[in-house]
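Quick heads-up: structures coming right below.
There are two complexes below, and they share chain A, which is joined by chain B in the first and by chain C in the second.
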Partner chain A sequence: MQLVVNIMVLAAIYALIACGYVLVYRVSRVLNLAHGELMMLGAYLLLATASLFAGNPLTALAAALGLSLVVGILVYVLLMRKMTGEMVLAAVLATVALGVLLRGAVILVWSAQQQYPAQALGLANPPLELPGGARISTCAALLIVATAVVYAALFVFLRFGRWGVRMRAAGQSPLLAAQRGINLHAVYALAWSLSTLTGSVAGMLIALDSGLTGTMVVIGLKAFPAALVGGLDSLLGALAGALIVASAEVLLIHYVDPLLSDVVPFLVLIAMLIVRPWGLFGTREELDRV
Partner chain B sequence: MRANPRASGYFRTDYRQDLALVQTRLQRVAVAVLGAALVAFPFLASPFQLDLACQVFLAAIGSLSLMLLTGYAGQISLGHAGLLAAGAFTAGILFREVGAPFWITLPAAAAVGALLGVVFGLPSLRLRGLYLAVSTLALHFVVVYAGGEYETRRGFSTGIVIDPPSLGGLSLADGRAWYFVLALAAGATLLLCLNLLRARTGRAWQAIRAHETVAEALGIGIAGYKLLAFVISSAITAVAGALFAYYRGFVSVEAFSLFLTIQYVAMIIIGGMGSLLGAVLGAVFVTLFPYWIESALLALPGARRYAGEVFAVNYAAFGLVMILFLVFEPLGLVGIWHRVQTYFLLWPFRRRPAAGSRR
Partner chain C sequence: MPTRAVIAALAMGAAVVPAVAQDAYVIGVTGALTGPVASTQAPAMEAMRIYVERVNAAGGINGKPVRIILQDDAAEPSKAAANAKKLITQDNVVLLINASLSSTYAPTVAEAKRAGVPMLFASGVCPKEVYPPADPLQFCTTAYASNYDSRAALGFIKETATEPVRIGFAAMAIPLSRGEMDFAETQAPALGMTAVDKEVIPPPTPDYTPFATKLKDANANWVFSWAPWVTQVRTLEALRRLGWAGSYLAWSHLEAEGELARLKDARFYVLGANSLFQEDLPIHREVAEAAKKANAAYPGNQMAEGWIAGMVIEAALKSAGWPADAAKVRSALETVNVDTKGLRGGRIEWTKDNHFRTRQYYRVYRWDLGKSAIVVAKDWAPYDVK
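Take a look at the complex of A and B:
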C-alpha cells in the first residue's frame, strides 16, 4: 500500500514538472533543459516571499506564483526570443546555458545550504494516515491535488480557451498561425510563463515537503524522461509517462537497488527511444521535423 | 573545409602543394614560432601555469573529438562526459584489478570507447537532432551509474587511485614531462583530425551534416559513416579520459557530471562550430575561464568576502558567456578571428555581408 502511495506521489511530481517541458516543446519546438533550474528558482522565490510576508502563507504563495509567471515571460523576452529562427540545437543549448547561469545565481543569492520554506512560512507538515496503513505527508497529498488541478486546467484551457487554441495553432504551424493574425511572440511568452508557473508549483511543493537545495535540479532533469516517454507534444502522454517512470523507479528502488534511483528514468527513456522514439502519445512526424 | 581568406599572389601549381598541410611561408613561420613557444613554455612557466597548460591539452583532445562528431558529422552528443568517464574508469579498473601498465590501459580505453561509440551511435540511425541528443544524455547517466556502482561495490567509494604511468623504471610524475606528453597527444589528435577531415571520411561526414538525403544520393553509406563518426570520436574521447585519469592519479564519478558535458559543448560553441581551430580555441577559453574569473574577483576590493562564492560566480559567469556567444556570435571565436583576417586582407575596403547571410 505504501508502495502505491509512493508511486502516486512521485508520479505526481514528475507529471507536474513534465507538463512544463510539454507546453514549451509543443508550442515552440524547443526542449527546455533549464526547466529544472526554473523550477528551483520558483521554490527559492517562495523562500524570498516567505520572509517578506511572514505569517501570511497564502499571500506569500500567491506572490511567488506571480513572480514565477514574470520570470517565465522574462526568459522568453530576454533570451529565447533572440533564439527564434536559429537552429533548434542552438535554442536548446541556450536553455542549457540559462540553466547554468540560474544555478550559479541562485547559490549566489540564497547560498548553497539546505533551507526550509515551510518553517519560514510557519506551516506544519503532519503525516496523514490513509486507509490500508499507508502514510502520506500533507504536502505530498497537496502535490497530487495540485497536479490534478493543473492538468484539468491545462486541458480545458488548451481545448476551449481562446489563447489555448492559439497556442495549439502556433504549435502546429507557426507560419499559418502568424498569417491568421496570431501574435506568435505573445503565444510563446505565454507558453514559457505557464511552463515556469507549473514548474514552480512543483518546486514550491517539493521544497515545502522536504526542504530546498540546489540538488532539486536533478528532480527536474529526471522528470524529463517522463515527458519524452509519453510523447513530447502530448499532455496526456506526460501523465502516462510520469506514471510509468515513477512506478519503474519506485519498484526498482524497492526490490533491486536504491542506487538505481538516478538512472532508472533514463533507462526507461532509452528503452522507449529504441522501441517508439516519438513516445506513447506523441505525433510520429515530430521526429523528422527536428 | 571552409575556404580561409588568403593573401593574393599564392597559387598552387602542383599536387604536392595541394596536399601540404602548411602552405604559405607565413604559415610555416607561424607554425615554427608556435612550436618553439610550446617547447619553451615549460621552462619559463610556474608549476601552476604548467598544470593549466596540461589541462588545456587534455580539454583540447576532448573538444577535438566532440568537434569531429558534432561540428563536422553533425551528430549531436550530450554524452561526452560519459565517454570520458568510460575511458578513465577503464584505465582505473584495469590498473586496480590486474595492475595493467599504461600501454595496455590506453588501447583498452580506446577499445571500450569505440565499443561505446557503437552503442551511442546506434540511436543516430533512427533519431535525429534533439532526440539523438537526448538518447546520448541518457547513456551518459547509465555510464556514470555503472562507474559509481563499481566504486561502491569494490569499496573505492571515494575514488580509485592510479599510479603514474611508468616504462622501464622511468615514471611520469614530473609536471614538465607530463606537459610534453600531453602536448604530443594533443598534437597527434589534431593531426589525426586534420587528415581525417580532408580524406574521404571527413568529406562524407560533412556531406551528411549538410544534407543527409543528398549525401545518400551521392553514394555515401549514411549508417556506416555515422557509426564511424561515433566510433572514432568516442575512442579519442575515451583515451582523453584515460589520460585525464593518469594525470590526476585519481578516478571518481564526481568528476564526470553533466556539467562536464556542458563544458565540452560550450568549448565547441564558443570556439566555433565546424572548425578544428575553434575546438582548440574553445578548449583554451573554457579551461582558463574559471581562473580568469577567480583572479578578477580577487582583484576586487574586499576579496575575502567573495572567497566562498567563487564557485557560484564561476557558474553564473560561464552560463552568461555561453548565452552571449549563442546570441551574438554563433560562429564563435573562429568567427571573430576570420572577421579580423578579412578586415586586414581587404583593407582599406570593407566587406559588407550580404543581407540575411548570418547563419
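Take a look at the complex of A and C:
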C-alpha cells in the first residue's frame, strides 16, 4: 500500500509540473525550459509572503499565488512577447536565458541556504494514517488533491470557458484565431500566467513538505519527460505520462536499484520516443510542426 | 534578510576581480556557491571571505593584502576544471582552494598538479590523498574525513545501542558519499551489527519517501547517513513521516545546529569534529560578531569551516613570506600548526606526510526534549590518523 501512495505522490508532483509545460506549448508551441525556475520562484515567493504575513498562512498563500500569476504575465509581456514572429528555437533559447537569470537572482536574494516555508508560516506537516498501514504527509496529500483540482479546473476551463476556448483556438491556428478577433497576446499571456501558477503550486507544496533550496529546478526538469511521454499538447497525456514515469521510478527504486531513479524518467522517454514519438495522447501533426 | 543577502552577495562579487600585478597574495577558489550542496559550501566560503577581509583590514599578511578570486562551479566537475585552469593560468594563484562536491576533486587536482600549485580542500570532505602518506600538493582543513568518520560513527552506535543493531545506510549518489557508505557497510559486521539496507539517493530527488520506505521495510533500527545535508535530513524526515521510530546518526554539517533545533528529535544524532556555537566559546562569539558586522547572508553558527580555513591560510602565508610563489606556499603548508581555539576538537597540524591532522576528535550532539536544548551525547573522542 505504501508503494501505491509513493507512486501517487510522485505522479502528482510530476503531473502538476508537467501541465505547465503543456499549457504553454499547446497554446504557443514554445517549450518553456524555464518552467523549473518559475516553479522554484513561486516557492520562494511563498517564503517572502510568509515573512510579510506571519501568522496568517492563507493570506500568505493567496498573495504568493497572486504574485505567481503576475510573474507569468510579466514573463510574457517583457520577454516572450518580443519573440512573437521569431523562430520557435529563439523563443526556447529565451526561456533558457530566463532560467539562468532566475537561478542567479534567487541565490542573490535568498542565498543558497535551505529554507522552510512551513516553519515560517507556522504550519505543521503531520503524517496521515491510511488504510493498509500506509502513511502520507499532510502536504503530500494536499499535493495530490491540488493536482486533481488543477486538472479538473483546467479541463472545465479549456472546454467550456470563453478564454479556454480562445486558448484552444489560438493553439490550433493562430492565424484564424486572430482573424476571428481573438487577442493572441492576451491569450498567450494567460497561458504563461496559468503555467507559472500551476508550477508555483507544485513548488510551494513541495517546499512546504520538505523544504526549499535552489536545486528545486532539477525537479522541474525531471517532470519534463512526463509531459513528453504523455504528448506535449495533451493535458490528459501529461497526467498519464506522470503516472507512468512515477510508477516506473518508484517500482525500480523499490525492486531494482535506487540509483535508477535519476535515469528512469529519461529511459521511459527514450522508449516512448522510439515507439510513439508524439507521445501517448499527443497528435502527430503537432510533432511535425516542432 | 533578503537585503542583507544581496549586500553580502554583492560584496562577494566584489572580491571576484582579475588578478593584476602580484601586489597581493592571490588565492583562487572554485566552489559550489550554487547547486545541490551550496547550502553547505557557500557559508564556508563567505566565512573565509570575512576572515580574509579582517586580515586585510588589519594590515594584511607580511604587509601585503590577500586577494581571493572566487568562481562558482555549481558542483559540476566540468565547470570546476575550467575554473581551476583559469585561476592557475590566468590569475597565477599561489593556492587553489576547492570548496565543492567530491565529484569536482579529480579534475581540479589534475589542473593543480599540472601547474604544481598546492590545493586546499576547505569546505568539502577531505580526500584520502591528504592522509599519510600524503600527496605533496593536497591539504585539507575540513572536519570530515572519509573512513575515520564511519569508524567513529559506528563506534558511537555500538556504545549507544541498547539492542542488537540492524543498520541501514543513506548516501547521496556522489563518489565520496557512496564510497563512505560502502566502507561503513563493510565495517558494521565486525562490530556485531547487521547491515540491512543501503540507499544511494540521487541529488536532488522530488520525494525521499520511496527510499525511506525501503529503509523502514528493511527493519533498520539505526540509520547512518554520511552525505550532503539535504540528503541526510530529508531521508530522516521521510522516515519519521513513515512512522519509523529508530535512531538516526548523520554527519554534523554546518547546518546541523539550526536543524537540530528545528527538528527537536531526541533520536537524531549528529557526529562531527567541530563544536557547536551554542557552547558560546570566545571564538564562537568572535565569529558570530564578525558575521553580523559583515552583514553575512548566513548565520554565524555556519561559519566554522570557513573560519578555520582562513586561520590556516593566514598561518601558511605568514610562514611563506613575501614574495610568495606556489612552491613556497606548499612548503609552508607542510608545517602548519594552528590552534582552532575550540572551533575544532584539536589542532590543525600538518607534516610532510600528513596533510589532514595527526589526531581527529569527534563529538556527538542531539536534541534533549527535557531541556529543550542541544546536548552533548558523547564528548570528544580522539582517533589517531595514521
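Here, the second predicted complex is superposed on the first by the 290 of 290 C-alpha atoms of A that agree within 3 Å, B and C clash if a C-alpha of one lies under 4 Å from a C-alpha of the other, contacts with A are read in each partner's own complex, and residues count from 1 in each chain.
The rule is short, and it goes like this: a residue touches a chain if its C-beta (ideal position, glycine included) is under 8 Å from a C-beta of that chain, and two chains touch if they have at least 3 such contacts.
A quick note: this is a predicted structure, and the numbers were derived from the prediction, not measured.
**Q** Based on the superposed arrangement around chain A, label chain B with chain C as either clash or fit.
**A** clash
**Q** Check the residue A:22 against both partner chains and state whether it touches chain B (first), chain C (second), both, or neither.
**A** Touch status of A:22: no partner.
**Q** Who does A:31 touch here: chain B (first), chain C (second), both, or neither?
**A** First partner only, chain B.
**Q** Tell me the contact category for A:103 with respect to chain B and chain C: first, second, both or neither.
**A** After superposition on chain A, A:103 lies in contact with both partners, chain B and chain C.
**Q** Give one of first, second, both or neither to describe whether A:259 is in contact with chain B, with chain C, with both, or with none.
**A** A:259 sits against chain B and chain C alike.
**Q** First (chain B), second (chain C), both or neither: which does A:277 touch?
**A** Only chain B is touched by A:277; chain C is not.
**Q** Would you check which partner chain A:83 touches, where first means chain B only, second means chain C only, and both and neither mean what they say?
**A** The answer is first: A:83 touches chain B but not chain C.
**Q** What is the contact status of A:118 with respect to chain B (first) and chain C (second): first, second, both, or neither?
**A** Touch partners of A:118: none, neither chain B nor chain C.
**Q** I'd like to know which partner A:227 touches here: chain B for first, chain C for second, both or neither.
**A** Touch partners of A:227: none, neither chain B nor chain C.
**Q** In the superposed arrangement, does A:205 touch chain B (first), chain C (second), both or neither?
**A** neither
**Q** Using the superposition on A, tell me which residues of chain A are in contact with chain B and, in the other complex, with chain C.
**A** On chain A, the overlap between the chain B and chain C contacts is residues 103-104, 107-108, 112, 259, 262.
**Q** Could you please specify the touching residues of chain A with respect to chain B in the complex?
**A** Listed in rising order, the residues are 31, 79, 82-83, 86, 88-90, 92-94, 96-105, 107-108, 112, 221, 225, 228, 259-260, 262-263, 266-267, 269-270, 273-274, 277, 287-288, 290.
**Q** For the complex, which residues does chain C have touching chain A?
**A** Touch residues, chain C against chain A: 1-2, 5-6, 8-9, 33-36, 38-39, 41-43, 173, 199-211, 213-214, 229-230, 233-234, 237-238, 240-243, 255, 262, 297-298.
**Q** Using the touch definition up top, name the residues of chain B that touch chain A in the complex.
**A** Residue positions touching the partner: 76, 123, 126-131, 133-135, 137-139, 141-142, 145, 148-149, 152, 258-259, 262, 265-266, 269, 309, 311-320, 322-323, 326-327, 330.
**Q** Of all residues in chain A, which touch chain C in the complex?
**A** Listed in rising order, the residues of chain A that touch chain C are 2-3, 5-6, 9-10, 13-14, 48, 51, 103-104, 107-114, 116, 119, 125, 127, 135-137, 140, 206, 210-211, 213-216, 218-219, 222, 249-250, 253-254, 258-259, 261-262.
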